[in-house]
Amino acid sequence: MTGFADLGYARVDTDRESRQGLPEVVYGPGKQPGEIAGIVGELLARGTGPVLVTRVEADVAAAIAVPGGTYHETARLLVWRPAASGSFRVCIATAGTSDGPVAAEAEAVAAAIGLSTEVVRDVGVAGIHRLLAARDELDRADAVIVVAGMEGALASAVGGLVACPVIAVPTSTGYGAALEGVTALLAMLTSCAAGLTVVNIDSGFGAAMAAHRLAQVVAKPR
Amino acid sequence: MTGFADLGYARVDTDRESRQGLPEVVYGPGKQPGEIAGIVGELLARGTGPVLVTRVEADVAAAIAVPGGTYHETARLLVWRPAASGSFRVCIATAGTSDGPVAAEAEAVAAAIGLSTEVVRDVGVAGIHRLLAARDELDRADAVIVVAGMEGALASAVGGLVACPVIAVPTSTGYGAALEGVTALLAMLTSCAAGLTVVNIDSGFGAAMAAHRLAQVVAKPR
Amino acid sequence: MTGFADLGYARVDTDRESRQGLPEVVYGPGKQPGEIAGIVGELLARGTGPVLVTRVEADVAAAIAVPGGTYHETARLLVWRPAASGSFRVCIATAGTSDGPVAAEAEAVAAAIGLSTEVVRDVGVAGIHRLLAARDELDRADAVIVVAGMEGALASAVGGLVACPVIAVPTSTGYGAALEGVTALLAMLTSCAAGLTVVNIDSGFGAAMAAHRLAQVVAKPR
Amino acid sequence: MTGFADLGYARVDTDRESRQGLPEVVYGPGKQPGEIAGIVGELLARGTGPVLVTRVEADVAAAIAVPGGTYHETARLLVWRPAASGSFRVCIATAGTSDGPVAAEAEAVAAAIGLSTEVVRDVGVAGIHRLLAARDELDRADAVIVVAGMEGALASAVGGLVACPVIAVPTSTGYGAALEGVTALLAMLTSCAAGLTVVNIDSGFGAAMAAHRLAQVVAKPR
Amino acid sequence: MTGFADLGYARVDTDRESRQGLPEVVYGPGKQPGEIAGIVGELLARGTGPVLVTRVEADVAAAIAVPGGTYHETARLLVWRPAASGSFRVCIATAGTSDGPVAAEAEAVAAAIGLSTEVVRDVGVAGIHRLLAARDELDRADAVIVVAGMEGALASAVGGLVACPVIAVPTSTGYGAALEGVTALLAMLTSCAAGLTVVNIDSGFGAAMAAHRLAQVVAKPR
Amino acid sequence: MTGFADLGYARVDTDRESRQGLPEVVYGPGKQPGEIAGIVGELLARGTGPVLVTRVEADVAAAIAVPGGTYHETARLLVWRPAASGSFRVCIATAGTSDGPVAAEAEAVAAAIGLSTEVVRDVGVAGIHRLLAARDELDRADAVIVVAGMEGALASAVGGLVACPVIAVPTSTGYGAALEGVTALLAMLTSCAAGLTVVNIDSGFGAAMAAHRLAQVVAKPR
Amino acid sequence: MTGFADLGYARVDTDRESRQGLPEVVYGPGKQPGEIAGIVGELLARGTGPVLVTRVEADVAAAIAVPGGTYHETARLLVWRPAASGSFRVCIATAGTSDGPVAAEAEAVAAAIGLSTEVVRDVGVAGIHRLLAARDELDRADAVIVVAGMEGALASAVGGLVACPVIAVPTSTGYGAALEGVTALLAMLTSCAAGLTVVNIDSGFGAAMAAHRLAQVVAKPR
Amino acid sequence: MTGFADLGYARVDTDRESRQGLPEVVYGPGKQPGEIAGIVGELLARGTGPVLVTRVEADVAAAIAVPGGTYHETARLLVWRPAASGSFRVCIATAGTSDGPVAAEAEAVAAAIGLSTEVVRDVGVAGIHRLLAARDELDRADAVIVVAGMEGALASAVGGLVACPVIAVPTSTGYGAALEGVTALLAMLTSCAAGLTVVNIDSGFGAAMAAHRLAQVVAKPR
């Protein structure tokens, strides 16, 4: 018993579900549809949890011949065997409508792995009253995922309002000095609001997985 | 009732304790000892929680005339009215001995704000068996703070082993291509282990505060 | 008539006062005290407006033997023949106490060239109610200079609240990913609040001079 | 009365016109035509000022089914209900013909929001007499928008000639070390001409909006 | 006798085989098919070793009219007159399936120039047991080529396990803060495992050539 | 007499030929064919020297309706009224065949403005004997233009061999750490060979124009 | 048996000597003299190979109370129990005298771990005949370590001459565009000479350790 | 006859004077006074031209025991056996007084190697009339060295005025976005004035040596 299945083109980490509470998630780019199908089949056979493939374009998704999957187009996500919705509540707040696809990935992944989600859109600080009007949604959340590009100031504003964990996702929205999301990334890392944490640019996936880790520690018997 | 005390040189956020469960933490650099003393006095008078000043050199700390404070030299931290130790367990893992001061800040801040801490030192991946031998410490933690400079690979290794939240702190340890911690920062943000979150370079403080947010959501009645 | 005075080590632009409404301002670094004294003397002799030297340390200031000057220590500014205070109102808002020296330069330069100034300190977005409580000061300003380091989010918040010109000054406050002010600079340039303008890192001087240009266009007869 | 209209996919800031003198401007990229149409409709219904959508390609513009709009192809701008032309005069100066599209955006936005515009093209410093020949246009302006790529030296040259506000727009014109406009941006921020202000790369929009803020303060009753 | 053949468009280094044990390898990009054919013909005529062209797309490869060549599609490599397989054993380890094309180039070049190769795929540190299960392959290697993108932590893990030379190849796998492979490059250069060496991003070719230099020194009579 | 012709879309610097010995050269990108035709017509009418348009793709070149022009496809250059070949000898040396297009631009521009050219191709330092074999060409040159990408080491090697001016042109040849030519640029600027000068990445045009300035000073009567 | 000794402040990897042929090398910066002494003592007691501490300033070295050590001042290296000199020959070539300290570290570490060393100084490409005169030293080497700052072109020149492994060490020698060694690093990574490998900036240590890995594979019985 | 003198710590390139018209120039930093003295002695003994040591601080200069040298303090230059002044005229123009030390190095090196120099100081574009007033000095020059920091716009302005070669030296004058001279460097490389060439940041030495190459080609018999 090695803890993985060697398919030649991949060593599927079949031990991960017992180790971390979720099967390995498949990173789509650079893999052939046949390879993805093989890995997905192995994960479905070896475990019981949800099986996800991220960053899959529609044509690739259509070529993956494993029955039972659902494709989320905006999120570019494939899901088999989604988890039942649990009690951990994630609020996803976006600075603008253009941050939508990243928020969609965060939402779809979070839902697929059993988190309860609520989305508040277009509450950037250029009209701060829009954010202040969302206090109820923020206050009832167990964690807030902030999705923002350009200067990413929404993360600081949310971080100053709520007591719960804030996971900031910089997006590549913007142009010029936005530097493909690097500016938002750096800004979120240096926020004057204490205790924010940050994931990679455009990684709605990473934020949802971080929230899953939170949900697990909350669910741990004490 | 404004929610802050205007000292002229500072607007002390006296509302923060009720809003976020902790008084405002004072960022030391660029402030005069008298200004720090004034702010600390105001926070002690207006709230009941721990009062902290970060990044204070020993000579500045000595010049701050507010009784009852304790100075942690390696952590460069001043603390008044530390919180009682709670049940939320944070494990702080360092890649090398040179990451010590940043880990010390994380530990001292975490302890001062009521988290229970345990430190595992010098478990970098160049000798991965040292990390594998620390599985017990990692497994009983509610959150792991990984403190690592150079290439920061420890964050990925820990992230692949544990199910709980991992907060990665890049440090400026190293030289040349380490780019004062930027390399570790970028590496941690792009970890192949899913769901890691990252704070600013050398910010043991930020990691401890992020853990405090976790502790609060764990403690929330359900 | 050449429009300048050739001192050998400098060509003093004696035409600037008639061209732009203010004598040339002397940039201190890299000049000998004797050179500065020579230039200042020439400016005092050839024009009638205020004469300023920026970024002068106290010991250099003391060595400049031109009577009648005043030294502003925090602002590192030398001033001769300050202008009378005019009706153009500049509000200078800082994110934190650590941004104080840059704000001091903006304030001292603005006052010396005849602007009316008001300073609101420590209104960073981590406690947004502190900024909202300063609406009166913001509303009566003809222009707002926002001085902020770290992620510089205050510029976006102010930019969303006021209708008047906002001049954002990124500061080098912060560490790690703050990149000596580059992060705040990039963030301010990509603000989601429309119509902000930005000057160089730590350039309180630049912001005050930009405000002077505004004051001149306001004062222009129509 | 919340100050915004919640369309689900967007929270339209209906309060902005009273707060800042102009309705919210819609940032086109990343939005569906239907979403843009919805937002535009809301803005037309709730306010009285000009409604603009920026960075819209021709095919997207054609798909937005809101009557009464005008499309400016070079500027990639959609406008409904343009403002009447006011007395505030903006001179837009470009370094070269290749900076034309950015200047076109500045001009079209400025005109749509009620500023009076004049454009001086191709006056880069490689033939400085071309700029000196434009002294009349520069002198009668209330503000100058300088649009330049490559090394952006035109901003410094103009900044040294005029007394009024100068808003510098770096463009991505050029190749190699021009770094997609970053070089011009940095150069404009460090200009030896005092009191210049800078907006994001290629942001003719941002410059026009900054000029609008100037126009408002000039129009303020004193 | 000049040591090169001057074809006008190229000076073919015909001396290289005697100087370094291998004919010059042709870098494909930017060359016309006819030019490549000319150079290959010259190398085949003047020497006896394997002739390679790298980074050739399929359509270009098809247009090169020199008989006897083999095209490796994933590796984008053309080979004439491959060397017999020698005794020097190279193990190529990849972090993920997406690093496959770079590993394919390393493998195909290494095989063509006479090295013995073995590939271990998908052993990234997020599931470290997969790497530990490959100890046999690692231990019998004379050199290990580690191919990894994202944060590149596999290089450090392998570097800590084996005693033989480790050649790290950063790949451009990943997004956002992965910065097209720069993050993996920097991380590998600052590895806490001593004695790693690094080649250019995505350069499977460079790693194989470095291994060839090793093989030559091992084969040197002592 | 203004020294320029104002076409509305361009201010053609008609004074430049008398000032600098060559008419203005037209930068092609971002201009419409009709605009280019207008400017070219003006330059042909107002002066007597060669008229050039750079960086023009073949389809744009075909659309420019000004008779008498010649199009150099590899160089992407349009030329009217080329100068007679003079006595100033420029040797253009390239590191590899892939640097060909940039060298072609340098050669075509140099020839069009009356310089005598000689090209030595593919003499990169990986086979230094190829360069040493070109000593005759180098020694008879009045200036050497070195065209090299990747690490750009050829500039240093040539700079150490010849006494005449060396103009280094970094190219974007290479991948990964070559950073689109930035690495070669930085390397050439920091060459250990004294007195090299450098122009922008891929700017064969800039190098030829720099050589023209040299030719003029050589031709100056003494 | 855990494979390490836990000193509290450090987990000394006592297994490394059997795993990789050398005891762990101690990285000096950021460690207290007492900590270094403790680790050195442990390594001396648990193994039989050479014990090294790198990057130790003279005053720190003097404070480390472990008898039998030797301090190399230029190399900033402490050594106990150096290995006997073996048959693997390393030639260290420097571009200039200013690269001396880095070469000294490479030489001292290599000697301490049993490699045979020879140093060729000041053979930069600005006078290429100096390098060509060192062909004997280069030809008899089993590996060449090239130490060069500024543009680092020596690595390419050596790489084109020798058949054996070349380990390039960029140094921080130079100023301005040398960017503290980053330029040399990038240049070496993109060398036109195939099969070079590179280590971190100023890491003479890293190069010597890489050579040790080579020596071990050469010494492996076949 | 090898063409160099091997002093152990240095290989002095004694062939350079015949090859390039000037003895090797000694780069001071990182060399011991005794080493410098040894190299200087060798150069004085083996050749007849001027011997220079650059970037030498006053205390190091005082410790170099070779009679007959002259130390230029602002230029940080040591000179033995300066050349007689020739007919090649170099005009050195500075943007501001703060660029003085770099200009001083250019001037002192140029004079020592036999060029005729003239300096025009403080003619930055913020007061362009100061530059226009220096037309005579510019027009009689055989080459212009432009020394400028901040945004470096003076290079473009001069480049547009003169016909002769322009060598641009970016300086580290300025702060914040000036990025230690990188901004001026990038700006000069992307100048809209054609045919400028650029040397390393703060390298007055490099500019003077480039001018020497020009002088040699001018002096070449034709």
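Should a chain be cited, it is by its letter among A, B, C, D, E, F, G and H, assigned in written order, with residues numbered from 1 in that chain.
To be clear about the criterion, a contact is a pair of C-beta atoms (placed from the backbone, for glycine too) under 8 Å apart; a residue touches a chain by one contact, two chains touch by 3 or more.
Small disclaimer: the values here were computed from a predicted structure and weren't measured.
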item	value
Separation of chain G from chain B in steps, with touching chains one step apart	1
Chain hops separating chain F from chain B, counting only touching neighbours	2
Chain whose mean Cα position lies farthest from chain E	C
Same or different contact residues where chain F meets its copy chain E, judged by the half mark	different
Between chain B and chain H, centroid-to-centroid distance (C-alpha), Å	50
Separation of mean Cα positions, chain E and chain B [Å, integer]	44
Between chain H and chain A, distance of the C-alpha-averaged centres to the nearest whole Å	56
Contacts with 2+ other chains: residues of chain A	96, 126-127, 161, 176-178, 182, 185, 189-190, 194, 200
In contact (per the touch rule at the top): chain pairs	A-B, A-C, A-D, A-E, B-C, B-E, B-G, C-D, C-H, D-F, D-H, E-F, E-G, F-G, F-H, G-H
Chain F residues touching chain E - in the complex, by the definition given at the top	96-101, 121-123, 126-127, 129-130, 133, 173, 175-178
Chain E contact footprint on chain B (complex, rising order)	95-96, 124-128, 150-153, 156-157, 159-161, 174, 176-179, 182-184, 186-194
Sites on chain C touched by chain H in the complex	2-4, 8-11, 13, 15-16, 24, 27, 29-31, 35, 170, 172, 180-182, 185, 200-203
Of all residues in chain G, those that touch chain E in their complex	19-21, 25, 87, 142-143, 161-167, 185, 189-190, 194-200, 205-206, 209-214, 216-218, 220, 222
